[in-house]
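You will see two complexes here that share subunit A, one where it goes with subunit B and one where it goes with subunit C.
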Partner chain A sequence: MGKLFAVVVTIITVVSTAIFIAHTWWLPPDISAHGHAIDRQLSETMISSGVLFVLSQLALALFAWRFGDREDGRRVKPFPGGATPMVVFAAVLVGAEILTLTLVGAKVWAGVFQTPPDPNSLQIDVQAEQFAFYFRYPGPDGRFGATHPELINEASENFFGLDPARDTSARDDIVVPTLTIPLNRPIALTLRAKDVNHAFYVPELRIQQDFVPGLTIPLHFTATQTGRYEIVCTQLCGLGHYNMRAYIEVLPQAQFDQWLKDKAAQQ
Partner chain B sequence: MRVRDLMLVGGVGLGGTAMMIGRAATPPGATISGKVTFTGTPPKMKPIDMAKEPFCARLHAAAPVLTENVTTGPGDALRWVLVYVSAGDQGSAPATETVRLDQKGCQYIPHVLVVQPNQPLDIYNDDSTSHNIHPLAKVNAEWNKSQPIGAPPIHAKWESPEFIPVKCNVHPWMHGWHLVLTTSHYAVTGEDGAFRLQGLPPGKYTITAWQEQFGTQSQDVTVTGSETKSVSFVFKATPY
Partner chain C sequence: MTHATVAGAHRHAPPQGFLRKHVFSLDHKVIGKQYLDLALVAVCTGMILSWLMRFHLAWPETPIPGLAKLSPNGAAGGVITPEYYLSLMTMHGTIMVFFVLTTAPFAGFGNYFLPIQVGAEDMAFPRINMMSFWVTLVAFLVLISAFVVGDGPPLSGWTAYAPLSAVGKDAGPGQGVGQTLWAVSITLFCVAQLLGALNFVTTTLDLRTKGMSLARMPYSTWAWFITSVIGLIAFAVLMPACILLILDRVAGTSFFIPAGLVISDRLQPHAGGSPLLWQHLFWFFGHPEVYIAILPGFGIISHILPVFARKPLLGPRVMIACLVAIAFLSYTVWGHHMFLSGMNPFSATLFSVPTLVITIPATIVTLLWIGTIYGARLRFTTPALFCLGFVSVFVSGGISGFFLAQPSIDTYLHGTYFVVGHFHFVMGVAAMFGIFAATYFWAPKMFGRMMNETLGKWHFWLTFIGVYCVFMPMHYLGLAGNVRRYSAFTDDYLKPLIPLHRFITVAALFTGAAQLIFLFNLIRSRFRGPQAPDNPWEATSLEWSTTSPPPFDNFGGRPPVVERGPNEYGIGSGARGVDYGMQAAAARVSAR
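Showing the complex of A and B:
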């Protein structure tokens, strides 16, 4: 029985490791300027925890193979000091590994998300609501109109609660359901939630950030590849959560300028 | 214009198929007819971008659906205005025919639907996507039902008179109205802004026109015999 267990453990170890090494189910291509740092950190985490995983599984298999079928019931050799030092030793070993990964990972994360956005970033306002995202650009005047939650009215497409009757800067604000951005230009988003917690998750951008009602949360990135990618909500936000998504469209600068001009003309 | 006539307008105007019921013979009594128009500058009818729901976005790729909160037509006409007898109604038998509401192309068809208290209302999902109809009733009991692809119609009815805004919890741009009226004398204007209330017994009536953004206007009209009286409503429009 011990030998069979050893064989099964070894097969599981080899197959699962091979799946990771072959990148069978892996991340989508990175399309962001900062993504390489996240990917490198993820890779380091996978390698260090992977090596420990393989070593510990193979050790388990070895011991099961070698000693699993002893019938005399005697211990092979006790851990020095008994069970308590063994548990403490294991906890310290695993704790040190997790703490190291956390500290190194937090440094990478802070380097990406805790830094101020480029002052020349394109400012875009994001409103999340059950169960859609809307994006707002300041329009030709370069200024956002003030938002008044009590004026939100889906019937007239006033998703941000603008007051164009009194607020002239709100009149040319461009509101769209697709996040259209120029290639290689820093983007600074301001995230707001109308109702409950939501999340802005674009795997290709290596970004996942929660929306919290009552908070305006800044988020910045630069996209380095054109294309159309999906934005999904990853916070369970209600019955229609499964359908809460939008798209991000990365265009060359000239095409983006034309798009913005066309949208401004429709306001 | 009775319910079936209203449905005829909705069916013809929006390409519906199940509402092509012939106009009933003119009932005896007086008629009040007219047109609803606006002055000033109305808000733009904005194209609705349904990118979030690719199935519906594809359906309207060639001609985007426009917002319907203020729908204008040729000659400054106002569409989707309810005109009804708000006072002086002498009562009529309760309506029993089933009214149909479609969720089609991520739109409510018709945008403005009129029923009488306890009149059967069947709600269909004609789309290859789920909808979640949510009438924001305050006088009646509010409800909120999901209707997946191919689900059977939802059978509903409203007990008390109320103007109920209706939204879809999955598609924020979907917006409509269920107007629950006790009178059977009502009409909803089409693209030409015209309305016609028929079969009115002699008497004095208050005729009210209701537009979802501009509010209401009322006029008193007295009719006798089988005469036809003309009434116009003009709403003052502002762009915002």
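Showing the complex of A and C:
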């Protein structure tokens, strides 16, 4: 029975590790300026914790194989050296691992979430609601109009609650359902929620952030590849949660400028 | 501090009549069994819900026969609607976390065995103990009633994030009466667990028999004791949080709801609250709750593994120190659930470090178990197999914690199936393996009858292989960016992952079906199993010094006198085959 257990545990360990190593299911290609650091951190964690995983499972399998009761009256053997050396070894090994991960990882995190956005970033306002995202560009005047929750009206497509009648800076604001951004230019989003918690997640951009009602939350990144990617909601927001998505369209600068001009002309 | 010999005040006469004996019993053993029966009903309910969810994820268009009868709106024609999927998910999580993973290993087995293991006649406060169970039962009934009352169960998940959970029926179906029932149920549950924890702490400190010093307590008792200390603090935070949530919902307060929310085209009449406050209060409970679910498992494995290894546990003092360290650290890590919540990003590192540090005692504990097996004479009984399986799945689940503890990696993996795989392994499957090990190990003592070993082994193998097929692929899904809490995968990048979801679903149905073997074995042996001897496993702790099942006052009026610790295995020359020393060698009692 011990041998069977050892074989089953070994098979499980080898197969699951092989699938991780083969990248059979893996992260989509990274399209962000900061993503490579996250990917490296992930790979390093995968290797260091993968070694711990394999070693622990195989030790368990080996001992189960080796130390079954054969009813031969032999005495049990204590673990060599007792608990102390093993405890010290484990504490030092795991301690060193988490220290390294923290020192490196804290920098990666800080690079994404603790640095201010580039002053030349393109400012875009994002409103999340059950079950859609809307994106607002400041228009030619470079200023966002003020938002008034009581003016939010889905039927007249006033998703942000703007007041163009009295607020001149709101008149040229561009509101669209797709996040269109220029390539290689820092983007600074301001996240607002209209109703409940939502989240902004683009796997390819290696970025994720909750929207919280009552808070405006900044988020910045730079996309390094053109293309069309999905933005999905990862914070349970109600019955349509699974279907809450938008697209992010990364365009070369010239094409983006043209797009923005066309949109401004339509206002 | 050994008061049992003088603490005669709590003694009560043997109960008379069916109601007093089996229903409204003050006997901790009956109450323990009541908790376990409740957990059994709850786990069956929770598992059926997970089957429905898994089936829907794999084949979203295929009707499920009979489901339309349960919920004409939620599953018209047998096809689960997106909102009903979320309701099933919310109920699955709530039932499993509260009414199974807390109720069975802690309240159930703890109630039955803690007093016996310290040599007491009963809990310190039997009446409070009975009340604790009945309040738990009411909490369960209140929760389940959400299936039939109003517009169905809530859909905001077991975490019930505000404002979705706080604004009432505007937020969606089930967010009306259903969500209120949820909050009332959890409030009641907290009350019950506080009463229970109070009893556990007092009993451990005050009712230990002569010679039962703290150092001589079995590891399971230590774990229940530490868990109840965690519970006293954790449930004392969740209870007021739930009361505030109820007030937001029914009394017009705004603890968790800020101004200016427009939900279902209606400007909400609230102002000044904070959704993050709910998250902080919830996770200040929620993370220690993970340890409330798993620490009794640690204790149970540490208690059972030496019995079948015929060897003392490696590093007994280190084990206790690790349990205490984990309990302490469990209060410093709650923010790792909130890295991306909009909380100040500078606090992420503050929560990340203790989260990673907690892996040190967790690793040491694991190595102590593996080191205990070294040089052992392992007897591969069903409880022993579940102990070994526990170590394996705990390693698998613990390892993925390294990833999620780091905010930088959590930026990608948060909210994906990686998290689902992680917590199911580490607090779901591992805790369940602890429960299974405990059931096979203690059933002879509790029911006086042995469980069937052949069926037990089939149950183990199918479950062990099954859970790996179900939960390991979830890590792959998470790496591919598969978002959790989705009722269908309509996103372009998620569609290629549906075949893997089908594999998981098939594995989950099979693994679930394998649990029927356990259910059959449990029920059959409870009534028909072969008579159990007093000490079938040749174990040392006090429960094995009394009859199977123990008499009403546990030791037949003769409190045992403890002479040694619980770790005396592999001693002596092996003459006459006795290689262990009972904690109370002379305390063999006869049934009254």
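Convention: the second predicted complex is superposed on the first by the 229 of 267 C-alpha atoms of A that agree within 3 Å, B and C clash if a C-alpha of one lies under 4 Å from a C-alpha of the other, contacts with A are read in each partner's own complex, and residues count from 1 in each chain.
Keep this in mind: contacts are C-beta pairs under 8 Å (C-beta built on N, C-alpha and C of every residue); 3 or more make two chains touch, one makes a residue touch a chain.
Note that this is a predicted model, so its numbers are computed, not measured.
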item: Subunit B versus subunit C as contact partner of A:Thr178, first or second or both or neither; value: first
item: Residue contacts with subunit A in the superposition, subunit B compared against subunit C; value: C
item: First (subunit B), second (subunit C), both or neither touched by A:Ala59; value: second
item: Subunit B versus subunit C as contact partner of A:Gln130, first or second or both or neither; value: both
item: Touching partner for A:Pro203 - first (subunit B), second (subunit C), both, neither; value: second
item: Partner chain(s) touched by A:Leu239 [first = subunit B, second = subunit C, both, neither]; value: both
item: Which superposed partner A:Leu101 touches (first subunit B, second subunit C, both, neither); value: second
item: Partner chain(s) touched by A:Gln266 [first = subunit B, second = subunit C, both, neither]; value: first
item: First, second, both or neither for A:Met86, with subunit B first and subunit C second; value: second
item: Touched partner set for A:Glu157, first subunit B, second subunit C, both or neither; value: first
item: Subunit C-contacting residues of subunit A that also contact subunit B; value: 129-130, 154, 238-240, 243, 245
item: Contact set on subunit C toward subunit A in their complex; value: 81-83, 86, 155-157, 161, 163-164, 167, 171-173, 257-263, 265, 267, 273-276, 309-311, 314-315, 318, 340-342, 345-346, 348-349, 352-353, 356-357, 359-360, 363-364, 366-368, 370-380, 385, 388, 391-392, 395-396, 399-400, 402-403, 406-409, 411-412, 414-416, 457, 461, 464-465, 468, 472, 475-477, 479-481, 483-493, 497, 500, 569-570, 574
item: In the complex with subunit A, residue positions of subunit B that touch it; value: 43, 46-53, 67-70, 129-130, 132, 146, 165, 167, 169-173, 175, 212-213, 238-240
item: Footprint of subunit B on subunit A - complex, ascending; value: 129-133, 153-157, 159, 164-165, 171, 176-178, 238-240, 243, 245-247, 266
item: Residues on subunit A engaged by subunit C in the complex (per definition of touch); value: 1-2, 5, 8-9, 12, 16, 19-20, 24-28, 37-38, 41-42, 45-46, 48-50, 52-53, 56-57, 59-60, 63-64, 67-70, 73-80, 82-84, 86-87, 90-91, 94-95, 97-98, 101-102, 105-106, 108-109, 112-114, 129-130, 149-150, 152, 154, 161, 194-197, 199, 201, 203, 206-215, 217, 230, 232-243, 245
